[in-house]
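Each structure below appears as structure tokens.
Two complexes follow with subunit A in common, the first pairing it with subunit B and the second with subunit C.
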Partner chain A sequence: MKKTILLSHGEGGIRTHELIEQVILKYFPSKFLSDLNDAALLPVPADSMLVFTTDNHVVDPIFFPGGDIGKLAIYGTINDLAVCGATPLYLSFSLILEEGFQIAELEKILASAQKAAAQGCVEVVTGDTKVVPRGMADKIYINTSGVGFKSHQKNLHPDLIQEGDVILFSGPIGQHGAAIMAERLNLNQDQALSSDVAPLTELCQAALNIGGVRVMRDATRGGLATVLNEFARNSGMTFFIDEMALPISSAVRNLCEIIGVEPYYLANEGAAVLIVSPDSAAEIETILRENKLGKDAAIIGVVQKGDRPEVRLKTSLGTHRIITMLAGGQFPRIC
Partner chain B sequence: MKKTILLSHGEGGIRTHELIEQVILKYFPSKFLSDLNDAALLPVPADSMLVFTTDNHVVDPIFFPGGDIGKLAIYGTINDLAVCGATPLYLSFSLILEEGFQIAELEKILASAQKAAAQGCVEVVTGDTKVVPRGMADKIYINTSGVGFKSHQKNLHPDLIQEGDVILFSGPIGQHGAAIMAERLNLNQDQALSSDVAPLTELCQAALNIGGVRVMRDATRGGLATVLNEFARNSGMTFFIDEMALPISSAVRNLCEIIGVEPYYLANEGAAVLIVSPDSAAEIETILRENKLGKDAAIIGVVQKGDRPEVRLKTSLGTHRIITMLAGGQFPRIC
Partner chain C sequence: MTKMRFIDEFRTPDVVRSLTRQLHSFPRPAETYSFMEVCGTHTMAIFRFGIRQILPTWVRLISGPGCPVCVTADDYIARACAIALQHQAIIATFGDLMPVPGAGFSLEQARAEGADVRVVYTPHDCIDICRRNPDREVVYLAVGFETTAPISAALVLEAQQKKIANFSLLVAHKLIPPAMNALLSDPDLKLDGFICPPHVSAIIGAQAFEFIPQTWAKPCVIAGFESTDIMRGLNNLVEQILNKQNHVANVYRRVVKYSGNTHARKMLYSVFESATATWRGIGQIPDSGLVLKSEYSSFDAARRFEVKLPPLKPSKCRCGDVLRGIITPKECSLFATACHPENPIGPCMVSSEGTCSAYYKYDR
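Entry: the complex of A and B
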């Protein structure tokens, strides 16, 4: 086996088969995948809806404190399914590799993805590997698509948001984005910043079991501010959040001050926004805090009827200001 | 709306939403997609198995005679489901865009993908768009993953191949690979070569309705030779093919002579290999020929027990030689 990726690893012939059989299948021992059919044939639970999602991952750097592109790809897709109330079950794992990429680095990423899949209780059942010439990708890009199932009853949608609903956030804000930015800017020597990348399945199910959840979404690209702006547009409501209530670590606060960004725009990869009914909010906050990913969970605001759909922040000075969606320029390749 | 792709189109904020809402959703009007949830919630037909597949597309050039990367991405994934005997239903469509890529070119690709999805009877229900800096991708890469359903009964697998089975090929060999190679080498001025990219769903279903199909596979990267070598390894059998029986267009033959490649290694994107029982072979050949994609369908060989699993070609001179899997070096970025 060669030590670096060659163009011929992407041609579909002997070298492609060697790469798949000697490298990739070591880490993904699914009986569905090892057949090397073009598709996986999977059982469907009775009386369920299919949930289907996809994500491209182009994060830079590919290894960062708390994770790497492989772990991120697996958990990112698990979380898209989990926040829809589904049980994530099967993932695809597709690679675009740059000619010359080290196979040892690929194996580290695959090992990390394997561990993440095991911890997230999903199986990688199908995949694809392409190679592009040197300079036509940045080491490795990963697409993970995923399917999960949910029972018919649990409907979750921004349309269900009502006046008086409560806004919860399940973890410390902006941990992933801050870790990536700090790595890129060489501002993380003490490793104080670490990505929160983790699977949200249990946390989401725990909240759903209480009842009263209108909608959940993981706050990835664009951060909390973008998710709330999306909800505002979908529901037509005004979202009030309280700066004093936001769970933000001192390390993220410090980084934000140094580089001049606001934490609401920084991505999380292991935390979600939950919009819940007023009567279930306290109980859901409690159950989230019992989850190891939710120990900093907090009620951060309320939903009201307003003049227009927008997100308003009550600052620590008692003033209000509008938090728009991320307007561009600061955060490329965060996931 | 800007005319070229900016890094901020990939950040998840305002620009990302503009790109999705003003460009991408114009072409994919699915009610599942327009919700802009992180995942699509889909109904499951009763008593069926789920079939799940994924493909990365990095073809160069992105526009070629007979198609483009958008059409290829849609039909490539449809075909992976169709050859498994599934009815393709829902696709994801994920983009990696290079900063500076023309939005007009993106729209041409999206329009082509939209048309392909309509013709292939599938719906694009979820997607993701990432942007990487100039020089870290080559214009556009597309991942399409797909789900389809099949009834429990129809089992298709190389393990089912038996001695005496017949090898069918559904169309002229190597049309897609030849068209791409000719474009890259500037050898296609008269446009004699055109990709065969097309959806195989009807053709596969027609064969399955006859019965006796052991396994089908579309002959993409690595071509006919690679598919037959995979079947040989899976089944332990020897695959005999007859050079005189192979459907190869004169344009593909001419190109192969000029550039010194063998047509068995050139990709198809609208043709499949079918291994069928001897008693059904003639009827399946007839039904394939009635399909517009199958009018050149031919019985090209037989499966025998041999000393080892391999593919043997009976040449026009009456001699035999072994056709191995593609050994590398000639065909990067064919799909």
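Entry: the complex of A and C
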């Protein structure tokens, strides 16, 4: 086996088969995958609804404190299914590799993905591998699609949000985005910042078992603020959140204050927004906090009918400001 | 929320409430006081804390031109894009400049069309980029006020000392006090005092604002960015007016000295000298910009690269009037309609210190 990815690894010939059989399959020992069929034939539980999602992963750097692109790919797709109320089961895992990418690095990523799949109780059952010439991609891109199953009971949806509903967030805000930003800016030498990438399946199921959950969404790109704005737009309601109630780590807050970005626009990869009925809010907050991932879960606000669908933040002074959807990018301040 | 030193003790709600009560206790004036916060970060902070919601109705805050990106003329961005596309130079820039339109075209768009535009967090990254790309020119977009200019000066000195031949700067640094002077002489603008830019003050010192009380008989105060700082500053301005004792007050002594940072200024003026500069919306102001001194002229990207610039199209953008404090963004017909962060007509809508950006984010 060569040490670096060559174009011939993507030609479909002997090198491609070597790459799949000697490298990739080592990490994904699913019987569906080992058949090397063009598609995986999967059993479907009776009386279940199929839930399907897809994600592309292009994160840079590909290795970061708390994880890597492989772990991110697996958990990202698991979480998209989990917040929809599904039990994630089967994933595809497809690679676009840049010519010259080190196979040792690929194996690290695959090992990490394998571990994540085991911890997330999912199987990688199909995939694809392509190689592009040097410079046409940035090291490695991953696409994951995933299927899960849920009962035919009422689906979670922003349409279900009602006046008086309570807004919860399951973990400290902006953890993943802050870690990535700090790595890129070389501001994380002490590794105080670490991605929160983790599977949300247990947390979501615990909340659903209590009942009263209208909708959940993991707060990835664009952060908490973007999810709340999406919900506000879909539901037509005004979302009021309390700045002092937002769970935030000191490391994330330090970074944001120094470089002048808002933490609620930074991504999480192991935390979700939950909109729940007021009757079940306290119980759901308690059950989330009993989980390691949800120990900082907090009620952060309430949904009300307002003049227009928007998100309003109450500051420590008791004043209010609007939080819009992230517009443009977030850049460190100049002065 | 976890406590953060040097931040939270200056955001204590009880202290803010006390300062607010104090402000409200002053006698209502015959005419509303109009105070200008010069610095764009102050504009953002005022919105973030919701300061306007706790002020007496007779205190009006006007945002000023303290956004270095916003006051940079249209042709600067156009020139940067042209250098990148016509000379295949690497452009090193603060991220804030990326979406700013110049002649209808931004660095972001130039990058999408193949220009090599790289965001740097610190200008020092340019040295590394130069070393890794010895066969290519690297151009640093040197924007900012007195806070940032000394860093550019340090960069030039380092490049000279290390004999880095493929480095140059496209300079658009500006100096704040001349702009404040120009605003004070603007007959369309009625100002009763200034909240001076705190980080600029850290470099130039409180001394640099003496012309405001001495020439213009107006009060000014240097105040920090936190909620207690801003409220202290406003209280101070009203007290000065009531006592008829105009002076340069400093309620940000934890950062700003009367003499400022002499070392930074020495470095700055060893590399740069002042010259007339064009400020968007204000026009040309003598001695308000920085240019490289002749012994460093080889580092001047405007001289090094001849470019063909696209014609500058007139637009209905009123950034200039916003920067002068003549109108608020909401009084611009383009605000939040044709002009928004995803389609900015002017820089004020996309800079992180832009007044229009602040209004769009926090007070639409």
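Side notes on the structure shown:
Definition applied: the second predicted complex is superposed on the first by the 329 of 335 C-alpha atoms of A that agree within 3 Å, B and C clash if a C-alpha of one lies under 4 Å from a C-alpha of the other, contacts with A are read in each partner's own complex, and residues count from 1 in each chain.
One rule holds for everything that comes next: a contact is a pair of C-beta atoms (placed from the backbone, for glycine too) under 8 Å apart; a residue touches a chain by one contact, two chains touch by 3 or more.
Please read all numbers here as calculations on a predicted model, not as lab measurements.
Of the two partner chains placed around the shared chain by superposition, subunit C is the only one that A:Thr315 touches, whereas subunit B remains out of contact. In the superposition on chain A, A:Val51 contacts subunit B only, with no contact to subunit C. In the superposed model, A:Ile334 makes contact with both subunit B and subunit C.
When the shared chain is aligned, subunit B comes close enough to touch A:Val125, but subunit C does not.
Using the contact criterion defined above for the overlaid structures, shared-chain residue A:Thr324 touches subunit B and also reaches subunit C. In the superposition on chain A, contact of A:Leu246 is made with subunit C only, not with subunit B. Looking at the superposition, the partner that touches the larger set of subunit A residues, subunit B or subunit C, turns out to be B. When the two structures are aligned on the shared chain, A:Gly222 is found in touch with subunit B, with no touch to subunit C.
By the document's definition of touching, neither partner reaches A:Ser194: not subunit B, not subunit C.
When the two structures are aligned on the shared chain, A:Val83 is found in touch with subunit B, with no touch to subunit C. Subunit A residues in contact with subunit B (one complex) as well as with subunit C (other complex) are 324, 327-329, 331-334.
Listed in rising order, the residues of subunit C touching subunit A in the complex are 1-4, 7, 11, 13, 16-17, 41, 47-51, 53-54, 68-69, 94-96, 98-99, 119, 121, 143-145, 147-148, 199-200, 227, 340-342, 350, 352-353, 360-364. For subunit B in complex with subunit A, the touching residues are 6-8, 10-17, 35-44, 48-58, 79-81, 83-84, 86, 90, 92-96, 125-133, 135-138, 141, 143, 145-150, 157, 217-218, 220-223, 226, 230, 265, 267, 324-334. Per the touch definition, subunit A reaches subunit C in the complex via residues 185-187, 243-244, 246, 248-250, 253-254, 257, 260, 315-322, 324, 327-329, 331-335.
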